[in-house]
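Paired with chain B in one complex and with chain C in the other, chain A is shared by the two complexes that follow.
This part shows the complex of A and B:
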């Protein structure tokens, strides 16, 4: 009696629906702020190579550790490189790696979770125990192992991060599927004799898609933090590529007297993470998924 | 006796729509509750009956707000009170009994403690007095052994017992007014009759006024002195119960009463066209205009006021009520249905079917067998003929849905065979059935909200079986979908709608269309009308009957509602605890002699007639498991004759009019006992 009271006669196509969701997300201050931050970072990542004032790898002993000034807005670092230049470039690798990493995590985690939720029984038991076993391994140790064996190129980082962050999605997708498969429309499809693939594709995915997407958005921000941690430890991107984690790592020893070279990348990283979190929450609300009642496992 | 305790004056309650429009859910409602009187508020879902009842205790749901009017309880306006003031009234002066007591009781507190809480809050008794009062209250609501009952947890009680506890809690504060919101809706028929009987007794005994909200005219008829009929947020008819039920002078009430299937009548009830308008969609004219067969131009433009008719002591909101005053003798009519040819071929045969939910032990898993000496469903033998409607009837736990699922292949049988079209045995494993057998048997579910994928349009929903079984695509697919929609009397424009944009009846029509899309031989209907409003139920029943007559489909119809079964079925099988009790042509099952369980069920049916009281012949105990030996009904049987009932499975006896009864009592003796 509450929501479907006024039925909309007008049918909307997919594009209009996506626009509608964006509009709902932006209608609350937190959602608007989140969207703005994310949009700002994405645009910055796209255009930053063309707008930077200095070369990011130009080392100069004359400009070592200068405080912020009109010439160097955020000051310079211990090698005399411009911190502003490096900060606005520093999100590019992180964003690319984690975006594709999240996509991979969503795909394998989501599909495996849905499959396990649908078939149940022994297959489900075995797969879930394996996932549990992986969940119990500290991811950072495992990542370090992979990176030291295979190197730190993006071709290694993307699938590796995708794998480790997909484990949690398996559980969420499985739980969401369990909610759906108890419904009669799945029983009905089964009784008609549809194959498992057809049931997953036609009946389950449209109903769990939203929950998994929201979970993916949340994982994205976690993965960003994870990727920066790797860089911080020296296992992410290699110098002299500008990267927030790496910059924080390099400048942290000088924090007491050259705070500017560490504050700028911290602001960059945390604002993006906060932005993604706010966006994911607004996204969940706009889709009608309450994260407080359906907490991820 | 004529003191008014609560009076509602010109109350309107509404909400703001997303577009900022003010939409009212209740419009100009006025009524009075007198001391000691039971008022039944009846209406379909969305008619505003619960909103009105809640407003009467000063509660308005979130998102709603009063637009105008007042709710006077002993001349104080409840809607203007602070929450502190309301606290003093709720529970002490006005108490409420919720629909689902199982959910209203705290699961981890003993029921004695929960009643004690109510007593502490609303009375000044000390501990020993309260303890005495608790067993007094439990005794009053007729719970067995009140002393031990107080130390049990809610989950240890059956649904009916939980509802009794809720009544005891409501009575704890000695309220002047008791509010009951669909208190018996979730209960089994026999339990429902018992609870209603208790409520009637309490009303008389304590002199409490009651407001009884329900969609079920049968239940309302049993308890009410006065009835208020709501439609689209308005009171359309109000008056003494007997007058309203026997001579309704509003076309909506008239139609509603006609659309209720009755035990005394064979054949289908007449249905009302259309459905209730959405709030906010009526701008001018009478809200019932679209569905009314007395409507004229005046009704379209002007909305009628509630008019008091002195000689009938009734208020009515209709311009043309006079036309109905003399028409009422034909309330007892029904649409006769074509009965099928009993010589027809057998299409489905259940032979010695047993089904068990027991978990397999490791060894049995290896040997792929189920060893359960006392399975949930046992020894079911039913032959189903082509084109007939056979109904499986029983209370919850009788195994009727279980049998349906195993016919559909969703549940494995333990023993026995299900044979389709002469002697082809259907595998009890869905994956081993061939596609044509799968196509031939289709299911329709109870709740269309759950059986239709909420993220699919009607077109997508209907295209699933068409694509799967007939490989249709493109224009041909579309043409077939439109044909199907026409068959269930829905227009082409429904194709692009989502289930949430349809009313309950429309959703169920789509579900029916999906089942018929497969061109099935047999359709299994699982309580298909019990989630629907009465007027919609009649329409769906008529639709099913029409489709059957046109297409020659066989129905296996599962229901707990004996009156609905009476209306639609050719043959009835009565089940108790997964065992057949009685089977026969429906007109004979409803006549005596019948199996003692059928007798109990028939006695508990509530007719929308204050003069027909239910006959309560057995206790409403809930048995969790079928007995291991003997007759399945031994635990509750009012006609139990002795040890033989406990030790031996009763034999089948065939009565002279063709119904088979499974009882130790000789069938002629049974007939004379039941006269």
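This part shows the complex of A and C:
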């Protein structure tokens, strides 16, 4: 009975803490704007398949490059497809790929960084040199190589993006771990004979979690830009899947006379990136992390 | 009197000077190429990696197509055949010199053409040139070509854009030097950067209008359009029609629409399942709405083709209708053992700007017949080496050729560029019969029978022959409004 009460209290505390963080984030105009934009995009991504007015694949020579109108709010593209439909579905693709990609980056990058920070020594040296080696490779070239060999399905893109954006997180997690391993409670845990896994799980993660989460949020916006760059180059998701980078790439040559076909995906992409950046900054400030002095490594 | 003489001399000298300046080559003409052959790019016209944007300006043919595609004199001034068209005599132009200073004569002709037949070189043009059994050097300016069969259209074959005359014995170096008798000489060959050509002041048709031609490697199609817009290049012959509006209203550019025999297509390898079944291939081809492709991809500026590579203006073209037929396509798939349809992946690259759009439109069209098309973009660089003729389904594009040449080169069972690995004895026999037939109507019938076989059996879906939108800087003058390979490059001027 007593144990149940303690667990409930803990959950209540966690919820209260999360609510407090959100409240702090929303108390600043930049945080409020960021949260609103991200929330707007997430809600739109969730409901988009149910509210789109047209089939995103439907091509027709009769509706090529129509200007915005009551029938086609954002006009049509060079194959006669509705730009509004493709824009809001494009956000769903971008959010899905990059959200899961960021999650993978956070998991492997965070855990490996913490492990290296904790064990130190030769293992740390070797792993960090390998990470440094990967960091020196331009990610876009490596991604092009991967998609050329394995294809451009989301099953390839998500883990590949997760891997390349996780490299930086390894360094941040390792640095954050170095800050805490010298503290008394870690020394005590070691003295009590706790295993490395137990120390990581119970002592280090709760203390480095915030720094890693903030880093992960920033990586999310970079990944979004990276994913759209890949699509722009034709190596993101495959047609006819609606995707902002691909839409911009297809319509860029028409910009001077069919601006509508390129503006909508540009606004979608840039607003989401700005929203995530503002949210990540507000998140960092709410957690008391000063990103101006602790820039990502 | 002295004064009059002085004035007269001054005026005369001024006139001479003005005349010389007016006729001197001046200015730089900048064009681009797509680096589609990657590291294999070279200046040997008969090889797969030939950089034709250069060799068509540095080397001449014996016979060239005139503005209407009819064989007309180039390095050969005239020609005649014996009564059964098995021996052709060509008289050569006199006083012609290669860029290296050597004189052009009959042994050069024999060397250039016999080299294209060399199996060790493995030229893509070898198959169509196999009809030539021997070339006899009658004298320094006359050659006699002995054919294995009657061939009434033989001069047409020699208009092929790759059959260029090079100096005897230059085969080992021609890939880097590009030496020929053409209006321009290679000054610097840099396939991945800028290749520089200098005017040949001794060119036999007159000094070129421009002092230099720069051929710049730009693999991406949109980048080439931006290069044109920003003045980095002066001509783009591959502008998609949906971008015509950008240039139409801009006085800095001139747009020209040129009907051509060039075609685009989707190739299924007939030696690879499920495309080894002719019913599957025909089902795919029947499921395509060609007119819709013309409208969506080319803005209407193309001529529908029913999978024949023979150009619309060719006398041997088979005229027929081939509307989309989804129910027949489904039936064929069912008969072939695929009642639930098939799935395939196609690999477009942006080196041909319309490929991605063709793939997207075809993807939607054939889906109605139960054919699921996945699209995987691949890099432009090296496309012809890594993807084409390698993947089960690939995209293709061909420049126009005479009927006999294109049918041999793209479909004959022994052809090097038989991209769909098509093997059909009836087809090969029809081509052989057509070549040896002296009666025009019977020859036409044989070529058309071959095209009908393609409609029934082939692995290449050819939706249309394109009209080409050529955009040039308005500084460019005297550019012939014809296909690439008929242009008289020495006439071009840049203000």
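Observations on the structure shown:
By our rule, the second predicted complex is superposed on the first by the 285 of 297 C-alpha atoms of A that agree within 3 Å, B and C clash if a C-alpha of one lies under 4 Å from a C-alpha of the other, contacts with A are read in each partner's own complex, and residues count from 1 in each chain.
To be clear about the criterion, contacts are C-beta pairs under 8 Å (C-beta built on N, C-alpha and C of every residue); 3 or more make two chains touch, one makes a residue touch a chain.
All values derive from a computational prediction rather than experimental measurement.
When the two structures are aligned on the shared chain, A:79 is found in touch with chain C, with no touch to chain B. Looking at the shared chain after the overlay, A:207 reaches chain B, while chain C stays out of its contact range.
In the superposition on chain A, contact is made by A:148 with chain C only, not with chain B.
In the overlay built on the shared chain, the residue A:185 is in contact with chain B alone; chain C does not reach it.
Using the contact criterion defined above for the overlaid structures, shared-chain residue A:240 touches chain C, although it does not reach chain B.
Of the two partner chains, neither chain B nor chain C is touched by A:27. Within chain A, not a single residue is touched by chain B in the first complex and by chain C in the second.
Considering their complex, residues 17-18, 23, 45-46, 63, 278-280, 408-410, 430, 433, 435, 438-439, 441-443, 445-447, 450-456, 460, 464-465, 468-469, 496-497, 500-501, 514, 518 of chain B touch chain A. Contact residues on chain A toward chain B in their complex (touch as defined above): 1-9, 11, 183-185, 187-194, 198, 202-203, 206-207. Residues of chain A that touch chain C in their complex: 57-59, 61, 64-65, 78-80, 144, 148, 151-152, 234-235, 238-240, 249-250, 252-254, 256-257.
Those residues of chain C whose C-beta lies close enough to touch chain A in the complex are 222, 225, 240, 242-243, 245-246, 292, 295-296, 350, 356-357, 359-361, 363-364, 374-379.
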